[in-house]
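Every chain is named by a letter (A, B, C and D) in the order it is written, and numbering of its residues begins at 1.
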Amino acid sequence: MNKKTIHEYNMKVRDYECDAQGIVNNANYQHYYEVARHEFLEQHNLNFYELHEQGIDAVVISVYIRYKHSLRGSDDFICTIDSLEKEGIRYIFNQKIIRLKDNKICSTAKIEIACMINGKVGKPEIFDEAFAKYF
Amino acid sequence: MNKKTIHEYNMKVRDYECDAQGIVNNANYQHYYEVARHEFLEQHNLNFYELHEQGIDAVVISVYIRYKHSLRGSDDFICTIDSLEKEGIRYIFNQKIIRLKDNKICSTAKIEIACMINGKVGKPEIFDEAFAKYF
Amino acid sequence: MNKKTIHEYNMKVRDYECDAQGIVNNANYQHYYEVARHEFLEQHNLNFYELHEQGIDAVVISVYIRYKHSLRGSDDFICTIDSLEKEGIRYIFNQKIIRLKDNKICSTAKIEIACMINGKVGKPEIFDEAFAKYF
Amino acid sequence: MNKKTIHEYNMKVRDYECDAQGIVNNANYQHYYEVARHEFLEQHNLNFYELHEQGIDAVVISVYIRYKHSLRGSDDFICTIDSLEKEGIRYIFNQKIIRLKDNKICSTAKIEIACMINGKVGKPEIFDEAFAKYF
């Protein structure tokens, strides 16, 4: 369905992100996916921290992450957003991580986000306007 | 279904684990779940790092984590393993995180693990023996 | 000079804190030292995050950390505050990390803290009152 | 004394690196400094993990880090190596972090490194050869 990604962000594994197995610790993939989403927000003039200061918080409701191949120290990779869906008050980001040296998909993720406005679940028009073209 | 947990580990949020929203960053829950599993392994005389040195690596295949309530700085919580299932060569850990001050379930998780022996997917009797009573 | 510590906090290495060398990554020691200081604050009814909400931020001005022996996965250790000095508007925490299994000093640290009140360097009586007995 | 830097690496603050004060947690600066050093190694065809596999570990003996201005979410910055000294078996890296939007020096660091060969302090010619031109 998604012919192409709607966002791509280039990153490189930092050695401290690897654990004693010599591979990137699983939790760090969640960080990578978050970084790519925040970069995507920025491209739409939405800054995570400034939104927070205004009382608007994008919060993660669930993550489903699959691990297929391990990233290792110094590996270059791309973290994508392949598609963005809207279901009620939730936004669903489909993402993946591709290792550059062999083009392998190392991980895929489905991340559900909701928005809190002053601490309550809300419908932030600010996001709908920014993302409308992707639904 | 799970009358009781098969493992519980007490932890406390560290301030650096919170992000600019003032709540624990989502990726850190994955760390908490990992810590509880490794403690569980240790109780069965299985040490994550020593296993790695022997060529046996437990690797995460997938995580499905739901976030219900946010943990904040200094919150005390319990990270549980509620049940453990075996499906072919995969072990599935059902876990949750309960905030102590109000007994709220902050997060639940289903973590799929497989075992690598010298870099290849394997059937480590060492785990089957240790966990047999939980299946 | 320091006959005894003024604060001790028991911790245990978490496997994800180790890097590919199989030992705790150096930056994590700084986390450990911070955790011990925040626990110390809490014992004096000062909560890092609540202070921040009130416009009072304890900020680190400098750290000098020496690494003597490496901590590894699952190692139990104590993180101490040995003494606390006041120099002008700065508080200096002398801390160390002791591995329990052999009582080795793995690291020592000298951490300089200043206080910001609403973003400006200030003299928070709240800290002076809490810590007076240690100077 | 240092007319110019011997290495510069561009980075950008990731939101999860900020803590509840809304600024980058101090320990993360140590990560940044490490990343810049490992990139520097790579430029000299020395890979941190491959060296470890060969039994050669660069280990940090001490860090002295000063914090002058805070980095915040999304800030672009440069992490430098300004100079490299050799004292006996120790290498001393003088580094700093400069925020790009206003060219402010946010932090400076003096990091002492020693080399372990198969677990013992050693004199790795491999480093001396690579770095000779900087002493």
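Basically, contacts are C-beta pairs under 8 Å (C-beta built on N, C-alpha and C of every residue); 3 or more make two chains touch, one makes a residue touch a chain.
This one's a predicted model, so the numbers in the text were calculated from it and none came from an experiment.
K.L.:
Look at both sides of the chain A and chain D contact and report whether the same residue positions are involved, with over half shared, or different ones.
P.N.:
The interface is built from the same residue numbers on each side, given that over half of them are used by both copies.
K.L.:
From the centre of chain B, which other chain's Cα mean sits the farthest off?
P.N.:
Ranked by distance of C-alpha centres from chain B, the top chain is D.
K.L.:
At what distance in angstrom does the C-alpha mean of chain D lie from that of chain B?
P.N.:
Inter-chain centre distance comes to 33 Å.
K.L.:
What whole-number Å value describes the gap between the mean CA coordinates of chain B and chain C?
P.N.:
Chain B and chain C have C-alpha centres separated by 28 Å.
K.L.:
So what's the Cα centroid distance for chain C and chain D, whole Å?
P.N.:
Roughly 22 Å, centre to centre.
K.L.:
For chain A, which residues are shared contacts with two or more other chains?
P.N.:
Correct list: 15-16, 18, 20, 22, 25, 27, 31, 34, 48-49, 73.
K.L.:
For the complex, which residues does chain B have touching chain C?
P.N.:
Its residues touching chain C are 14-16, 18, 22, 31, 34-35, 38, 42, 47-49, 72-74.
K.L.:
Could you list, by residue number, the parts of chain C that touch chain A in their complex?
P.N.:
15-16, 18-20, 22, 25, 27, 73
K.L.:
Per the contact definition, I'd like the list of chain A residues that touch chain B in the complex.
P.N.:
Per the stated touch rule, the residues are 20-21, 25-28, 30-31, 34, 48-49, 52, 57, 59-67, 70.
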